[in-house]
Every structure is written in structure tokens, then in C-alpha cells.
Amino acid sequence: MRAGHEVADGIVVQLAEGERDKMTMVVRNIENLLAALEPRCSIELVTHGAGLSAVTTGSPVSEEVLGLISRGVRVDACGNTMQRHGVARDRLLSGVSVVESGIAHLVVRQREGWAYVRP
Amino acid sequence: MRAGHEVADGIVVQLAEGERDKMTMVVRNIENLLAALEPRCSIELVTHGAGLSAVTTGSPVSEEVLGLISRGVRVDACGNTMQRHGVARDRLLSGVSVVESGIAHLVVRQREGWAYVRP
Amino acid sequence: MRAGHEVADGIVVQLAEGERDKMTMVVRNIENLLAALEPRCSIELVTHGAGLSAVTTGSPVSEEVLGLISRGVRVDACGNTMQRHGVARDRLLSGVSVVESGIAHLVVRQREGWAYVRP
């Protein structure tokens, strides 16, 4: 429906909470997106605030996050949150990217025509 | 602002929580949308995860949900959530539709140009 | 990516919760948006439901909200929420605007091409 539809097929998913139940729900939601929409889209998970703990060492969903990455999902950590919480890059799970600002990245992706969901 | 604006007048509303206060707030928000924007738009409520309990028998907001349906709001239950929780179709309130994946449906509607809100 | 991109540079941010931690997070998120994206965008904070308490007298984040306004962020209170809670306009912090329906305003902005985030 939008001009430039060819680039508008991505989905950016937000995780801002640190509760294990919420983390599990977000992972399951992304798995459902992959099953329902793949291979017609790019999926990116942006973690910020308390959600950062899903993508650092000791994450209760570390295996699930690594599984998403292996399936082509891009997983981001918010650089602002890392700085505020004193989390160094070597504490991120393998394959996790850093974006300067998680909240700004959610905006940038929408400007590129991506859909935004907050499970 | 978008090409294809004529189809871009819908609103998809998400409910993923099972607390009664949240359910009540979402129903009230949709009523406010109807009052402020009707008849210039389609409104669809997508329930998934714990939000499914708003649209099954015994829902604490069953009357309000039926009222929304009678006013033309489409109300969806997530098929993935139903399967995972063992909820059969005959436990859905009358008039509730089933979508394969609630989270994917939120994306599909956005791709069609609909606005997305998570009350 | 959208037609009419020149008007699509706004960001509408939602606050619907009354917990101080959430209010603080939302304010910080907007400050991060200003740092990352200014001056290329308009930012508007829409408070509704329990989030209204962030923008009324006695708000635990009153100074931060006034600071956002002084930096050009538009801050809105939901008229429906004000009416329901019996909050008069003179209880709003200085510079806060009133919109008829907060949830409808989130939709209107998206129709104008703005990005939507719910921190």
C-alpha cells in the first residue's frame, strides 16, 4: 500500500521488560512470525531498558535468542541502556548487535516502512 | 499521506494481557475510538496470549466485547494461543473470529496501511 | 519511503501507566530520541489512562516533563481521561495540551505518517 513497498517488508519487535515470562512470550511471538510470514520479511528484535537482560550472559532465554539469530533474526541491544547499566559488549550473547539508541532504532525502522509490534 | 490511503483507514488494537483492569481499559479505548473517529475507519481488536481470556466464555468483559462486535468492531482470537492453551472454537464468544497468528495479523494490517495501537 | 515523507518525520510516544519507574523510563526514552534524531523530527508525548498523573500537579516527573516541553516536545493529556477522573485543566502542568481522545490522537498521528512508540 505504501510507495517503496519493496523495502517495507520488515518487522521490528520491541522488548523492554525483564520478566522471564515476557521474554519467553516475545521469543514465541517471533517464532510465530517466522512461521506465518517467512521468507517474505526481515525480523529484528530490539531490546532496551530491562529487556537488555534477555541478550546478555546469564539470560534465561539465551538458547532461544541464539536460535532466533541462527534463523536470521537480527537481535539488537540498546547502547544507551548498556552504558547506563555498565554492560560491556563482551557480556552480550554471540551475534547480538548494538544500536546507539533502541527507542530511536524503532523509529528509524518505521520510517523505512517496517511494521512495529510490542508483544 | 500514504499511497492507497483509501484502504489505510483501519485501526488494529492489541490486547495481550489477562488482567481485568487492562481488558476494561482496552474496551473503553475502543469505545473512545468509535466516538472520535467513526464512521471513517474500521477497527479490529486482536487478542493473543493472556488476552485471549477476554474473548472466551467466562470473560469478565464478555458483554462489552459483544457490544463492540454489535457496533461493527471485528474481534479476533489468536489461533496459536488457542492451540497452546487447548481452547476450542466453541469456547469463543459469539462473533469472535480466529486468525492463525495474532502477532502476524498485527503486522499484516500495518502492511495494509492500518494504524496500530497497544492501549 | 512513504509518499509525503516531508510530513512523516514525527514521533508520537504513548504513556498509559502511572508507575514512577515507567514515567521515568518514558522521559528518558524521549531524551534519547531528542539526542539521536533531533532536529529532524517532531516529538509528541500522549498521556492517557493512569499515565495522566505524569502531567498533573504533584507529578513525580514534573520537572522532567517541563524540561521536555522547554525543548520543544509537545505533551498531551487525554480529555476523556480528564473527564472520567474529574481532572480540570488547571491541574495540568504548564504547557501541557489537551486532546479530545489520547488513543484517537495516536491513530491520527500515524495517519499523518508519524512513527509510534510505546516505551
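We call the chains A, B and C, going by the order they appear; numbering starts again at 1 in every chain.
Keep this in mind: a residue touches a chain if its C-beta (ideal position, glycine included) is under 8 Å from a C-beta of that chain, and two chains touch if they have at least 3 such contacts.
Owing to the predicted nature of the structure, the values given are computational and were not obtained by experimental measurement.
Here subunit B and subunit C face each other with different sets of residues for the most part; under half of the interface numbers are shared between them. Per the C-alpha superposition, subunit A sits rotated 120 degrees relative to subunit C, a value rounded to a multiple of 5. Chain centres here are Cα means. That of subunit B falls 24 Å from that of subunit C.
For subunit C, the set of residues touching two or more other chains reads 2-3, 8, 116, 118.
The residues of subunit B lying in touch with subunit C in their complex are 1-3, 8-9, 11, 25, 29, 32-33, 35-37, 41, 115-119.
The part of subunit A that touches subunit C in the complex is made up of residues 2-4, 7-8, 14, 16, 49, 80, 100-101, 103-104, 106-107, 110-113, 116, 118.
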